[in-house]
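Below is one structure, written out as structure tokens; comments come after it.
As written, the chains take the letters A, B and C, and residue 1 is the first residue of each chain.
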């Protein structure tokens, strides 16, 4: 069911403008190429409007944000919204510093993002608190588990209804929801948590999936999450005993590079709640 | 014939100052080390003159440019030119934004680059247009093919005559020319296009080749293009079916690391027009 | 004897704030995850105090420094010191430019670093000269060798006594000393010098080791040096003949990922002078 959304990425080769952190940017570029998209990076305020105009989607990731790049994020976001482009926010570290929490909040006030993707702590920080360095409400436990799943799904759907954005929360169990439906995804492996930037990579790839499938944004976003998790499973299966997180990083991108829609359909593990 | 230029890089270990984008900078550093050179990165205006002074060459790549790094490029370029160092311009994204096109243009007015290296669209943007976001003349088709080869060669030679720079255009067929002679190179594989930064890597490596071979700059530049393409062929031959663009990136740098002049002489595929 | 310090890192999972260069930052993050630590990167002055406050240690690396990040280093360093956190300085390129030498000097005047780690030229630049672009005294030869070992050990111990910091000098022979004792370490392989950023990676990992072992900072710092060198030996043993520096980079991080205390105890090669 979801495989066709990957095939569309390969057919359409969407151009994605990324304002993303310098830690994981190379892997973001390579995974976008692996899935069939085309990456461009630019964060200079005087450059971003031109660059985003020639793209189909904008991926804003606030890791290693700075005064200049925040200005770039705002200018690019406003331009992308004006042009009706797909926009994605990855609020890296929201809740960990006032600047990150506030920047995510300001961007969300300016731009109605097509998708917001983060880990559960980041999503809670932007949904429930703002302006505090660790403003995360403890009412929902930090990890999404089988036990608190229905509460988590309700929380994500409500946050989607409030923001008008698709909300993607990734972790051991991944949730991708709009106000009505939530994909609950059980692909992936725990070892992926020892690689820097799998979340950043997913945000880049997800933007490409949504750009290539404008009429099925929720399904496309969920497909990208399944693809990432499945790539984690496939990549892991090819690791030698002496290989670890650095080679695993390459293997995951490699698995995306070799994945097609049929493979994704066969390996995707999800239900819709 | 070209292998000796690689051997000279290993003998002389030229120090190359890189002002390059943060997307592919790690691979640029590793390929410089792989070919026998030594990389230094610095883009802060107050730092670049000191750094470039202790180097033999300067590689300016305008991907992810910003206001501060543009100032760094100009200061470093002026200093490198004053010292008679090798200078290379990689006009990443020229034609895609006004800032990139204009920055390339300003740098070319200030500095007579030893080499300008880009893809055909970028070279056309800086040769034929300026100040427009997509100012690429359609008289020459974007890709260099067997059909338009003689036109492309003439265009590159003329641009070299006009600028006084060696012009290197990379793609399915690579061209490296001065006003008189053009190396037409047919190494490489199409799968290299799915790796981010092979062009950036080549620019770094090409700078080292030219620094190490000051009396044969055209041949040295062509040798680096053959080496990159040949590394793409060798690296590809070692890929397992489940490996993709991320591992391929490593294998290409690995192939440079293991290449010597004899290997390059055996594998280089070029003619001179 | 040193293995337990690695085991402590895995048990405590220390959070390390890195202000580090954009060349090798991804590998720094992945090796921190590989050893059991947790990395955060932030260099924006308005962000660094919040971020460093939630961490246990701060790793300052001055490669690709700029005006903004220098301000970030100073604010983060002052806050980390105020909170009693572990602080590490990696003076990349000190001696190669006035800005780098002076920045290292200013940071050392503001902050009593727990550890200063560099190559011998960098350490000599900050110990013996300042403000000159190549202010390296020739009284001690640049490389630490068996012949000049006792002089080098004395120099490092004296610099430690003067600064109050543990001094770690890495090269063919590694030295890690306080005023009284010097670990002389003979792990590693010369091929590690052809990989960009093994020193930067070590600085990140060393910070995690010292954070996790507050009562044995010298031993913990030495343990991280042994671990890095041993990973270089293990990683090299798994390289195919056609593999080179780029794959080797992954293999070293992989070897850290798979290393435990018993393995480190078995492979560590050191004496205490």
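Methods note: contacts are C-beta pairs under 8 Å (C-beta built on N, C-alpha and C of every residue); 3 or more make two chains touch, one makes a residue touch a chain.
What you are looking at is a predicted structure, and each value in this text was computed from that prediction instead of being measured.
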Touch-based graph of the chains, sorted into line, ring, star, complete or other: complete
Copies subunit B and subunit C - rotation angle from C-alpha fit, nearest 5 degrees: 120
Classification of the subunit A:subunit C interface as same or different, half of numbers criterion: different
Whole-Å gap between the CA centroids of subunit A and subunit C: 33
Residue numbers of subunit A (touch at least two other chains): 22, 26-27, 249-250
Partner subunit A, residues of subunit B touching it in the complex: 21-24, 26-27, 63-67, 93, 96-100, 133-134, 194-197, 240-247, 249-250
Complex contact set, residues of subunit A against subunit B: 22, 25-27, 29-31, 33-34, 39-44, 46-47, 50-51, 53-54, 68, 234, 238, 249-258
